[in-house]
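Only one structure is covered here, and it is reproduced in the block below.
Per-chain residue numbering starts at 1, and chain names A, B, C and D are given in the order in which the chains are listed.
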């Protein structure tokens, strides 16, 4: 019965939602921002800390949301740590396109483990769940470089 | 739940055939639509009434001297009589058509709020209000210097009448505006007691009847209300039409809300005068076709009968409370003595969205989120819930499907 | 009327079959419906789109995670794209759904008027406005200390642009709000010239496009508008749905109008935040089915094509002006160079009501009265007029029937 | 073609609309009031003068309206001159019932020449035209006796 749901709730998603690796706020951080989904009330806050080279040395998050948004936050943190702001923003744009069913495919090497979110494109009302933490990240990155 | 005191469940299963949409399949599965509290499905008579109006008898109302316009005006205005009869209003002039409950409440917040209430007076709402009965009062507070007071609800999800009395004690409250039935907890508020309490303290009372009127007969005079608001699309009618009822003397004293065609007496650039009620509050071309659709919906509900609807839904709700609460890890919000057909719940280890998505995959439509009641979510310490809600066309088998579906969801996230 | 410069009349007679109501008989006579400016009849595709939604794909929008709600949300939101394309809005977020034009203008009067304009600033309207574009500004004047200035129209029924320039000269005008096409005189206002004049003097400009958009393609960017309002039921769509378009930066700066579900970010009793545009301005359950109907109407109009509609109606109007003005004792109001398909007139020795009643007896539906434009009646020294108005389904034979009918009316009162 | 319209526009109506007997304002009067029909803009003002016995010694009117409302005003004036306020109010109530198609019939002797307005009941949007002057009269009579 739930076979096609495995497209959405891939094991890695269920696993990350249950056992996050990057959850929690950072003790020392350079910026933080929150994003929320007014339609359902979910929200997530992201903290970022830059290293000496200006790259993202640490990323943390806290929030209340569904398995999709929690797993997305955790995998996002993993994906952007070590990137500079421009590369993180680019990753956010790519992720948005993936989640909305754009032309990028999930096996595009640029995605790595984020490819597991390709399935949300078929669940229009869940797309926002997946993109929510990325919205907070971009807000935390702010206008600068 | 004291099942014994409930009337016997009416068998309404024959009515399902009146709702064309209910034979739809969702991903090959029969549709189990348990989201009627968000908006109900439409019986064929409603669909046909709107079609027929557009095909045989349509023109703009009130201003025409020709056959089509006269007939359309009659059809539109006769729905005012039907609404007045439905809620036992003292007269048809007390019925104002709006877009929905939200606009009805905003109308009161603007016209009564800015026109009659004075800065320094207070409005009381409750912790279990829909945003539509919170935000208009916040906007009034910020624009007009009205104090906003919030009446708590108990852990069982009932209005705390003792607290309400205290909030009213200084007699500075001009209006008590509370839901008649909670869209999250199902709680029915003891309307007449609330009205009397308000009146004893010099306050008017508005009931948000968006949910209440779907399940039980409402008599606005018997409950001693001053304002009553409801929305057509939850009462098996179309979208785009709602109702504000208010006592004549209030409507007459209140300044108009929107300005434009149909609500005027005479228009001069220096000064305009207003039409008599209810037209004073209906600016511009009204939702003519939607009123006609609402009229058909009211006739339908009256034909089925509120007694049968209430008995049927009470039985379904009792059954749902029993079998849904038996799902391990499931917590139901609210346990009011007097409740209507909505059941909200959370599930351990599964977010409401995930529950809803997994139910949807089984063809079962429930709502998940804050249900436009964020403060109530905060009151119960949750971010969101899943909610199943019942209509006259809901069957016991659908409630069973819900419970079975929830067991499967639990396994998925186990 | 310079007939030679008009495009050749398109033959749209085949389209009549698309409108089921047009085959109705009135007292045994074929219906000659010349009251489309009050509200247009609906093509079958609109009726079917609404029926189909109710029968196969309906639930509340935005808040659902289930199949029906997702599909209904898609259908509803896709109409926003269709409207944006219809009027060439810069983005879909600039499209706000309202009940009708009247509510759209009231929204601006409240949110822009009270939120952005400052007491002491002025709003300019014209002598040929519909009450819906007069009364909201009077209410704003009285509540918020805004001055109301009125731009005159010439004897030909054209906006006096020199006078407009003078009204703007002190740069205290914050908004010019004028009709894009008069519902009485048929006059089209030179929108871009008005917009530039307003902008040069630091004012924003709103066009009431209720009539204009029915007959010609509107490009809100080309005319350099700031706000544009129109109403679905005149554009072959259902009642209960209208549109406000405004530039993004204006919508973003304006405070919300109605409060409730769907227009919020987060709700706390102390303070709430608002959703992004356009949802900030759409409180409560929207007119979902009506938006779907409007979407079908827009597709229909686009399929017929504005070029064909405009050419057809221009030819009808020329013909009507020629043969109606030939009826002895008949006086036509307005003689604008640039005009759409409405013809208002008075008849010697016969009041407009009597004219309308006698035409109705011949199966001919025209409107009689002040057409919600009392100040314009005063400007032309009449109490009321009769008005014939044309739509894409109007035929030359119907215009001939009108003229013949008027000759008979004249005899009756001779 | 207009045969059935003769029900509405009886000769006496057309005649009174064209050649009113009681039109115009009274030079000396005890009360005056106006009624209007916001839906179409028609309005009529009525002046009344009482005689020594408190009866309506004079009734005049002015207004802009259709044949129905003008003829109604003129025949109303004729019908109520000489009546006291109570009788005039009663006549107004009877007229309203006639025009709305109530149970009274047009040959009821109580109506006299007003019976010609029985036909308006079939034209719902014209009922107000016929009753408009009566509304102004009742307003001019005021609350007292």
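To be clear about the criterion, a contact is a pair of C-beta atoms (placed from the backbone, for glycine too) under 8 Å apart; a residue touches a chain by one contact, two chains touch by 3 or more.
Keep in mind that this is a model prediction, so the values were computed, not measured.
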Comparison of A-B and A-C (more C-beta pairs in contact): A-B
Length of the line joining the C-alpha centres of chain A and chain C, rounded to whole Å: 46
Euclidean distance of C-alpha centroids - chain A vs chain D, Å: 77
Chain B-chain C separation of Cα centroids, rounded to whole Å: 32
Chain A-chain B separation of Cα centroids, rounded to whole Å: 38
Chain D: positions in contact with at least two other chains: 39-41, 123, 126
Shared-contact residues (touching 2 or more other chains) in chain B: 63-65, 69, 264, 266, 353, 357, 368-369, 374
Contact graph of the chains (line, ring, star, complete, other): other
Touching pairs - complete list by chain label: A-B, A-C, B-C, B-D, C-D
Sites on chain D touched by chain B in the complex: 36, 38-41, 123-126
Residues of chain B that touch chain A when the two form their complex: 349-354, 357-358, 361-362, 368-370, 374, 377, 383-384, 408, 412-413
Partner chain C, residues of chain D touching it in the complex: 1-2, 4-5, 8-9, 14, 18, 39-42, 64-68, 123, 126, 129
Contacting residues of chain B [partner chain D, same complex]: 62-65, 69-70, 73-74, 264-266, 275, 279
Touch list for chain B against partner chain C, complex: 20-21, 24, 26-27, 31, 33, 35, 38-39, 41-42, 46-47, 50-51, 54-60, 63-69, 99-103, 105-106, 109, 130-132, 134-136, 138-139, 148, 150, 231, 233, 238-241, 256, 258-264, 266-269, 271-272, 283-290, 353, 356-357, 359-360, 364-369, 371-372, 374-375, 378
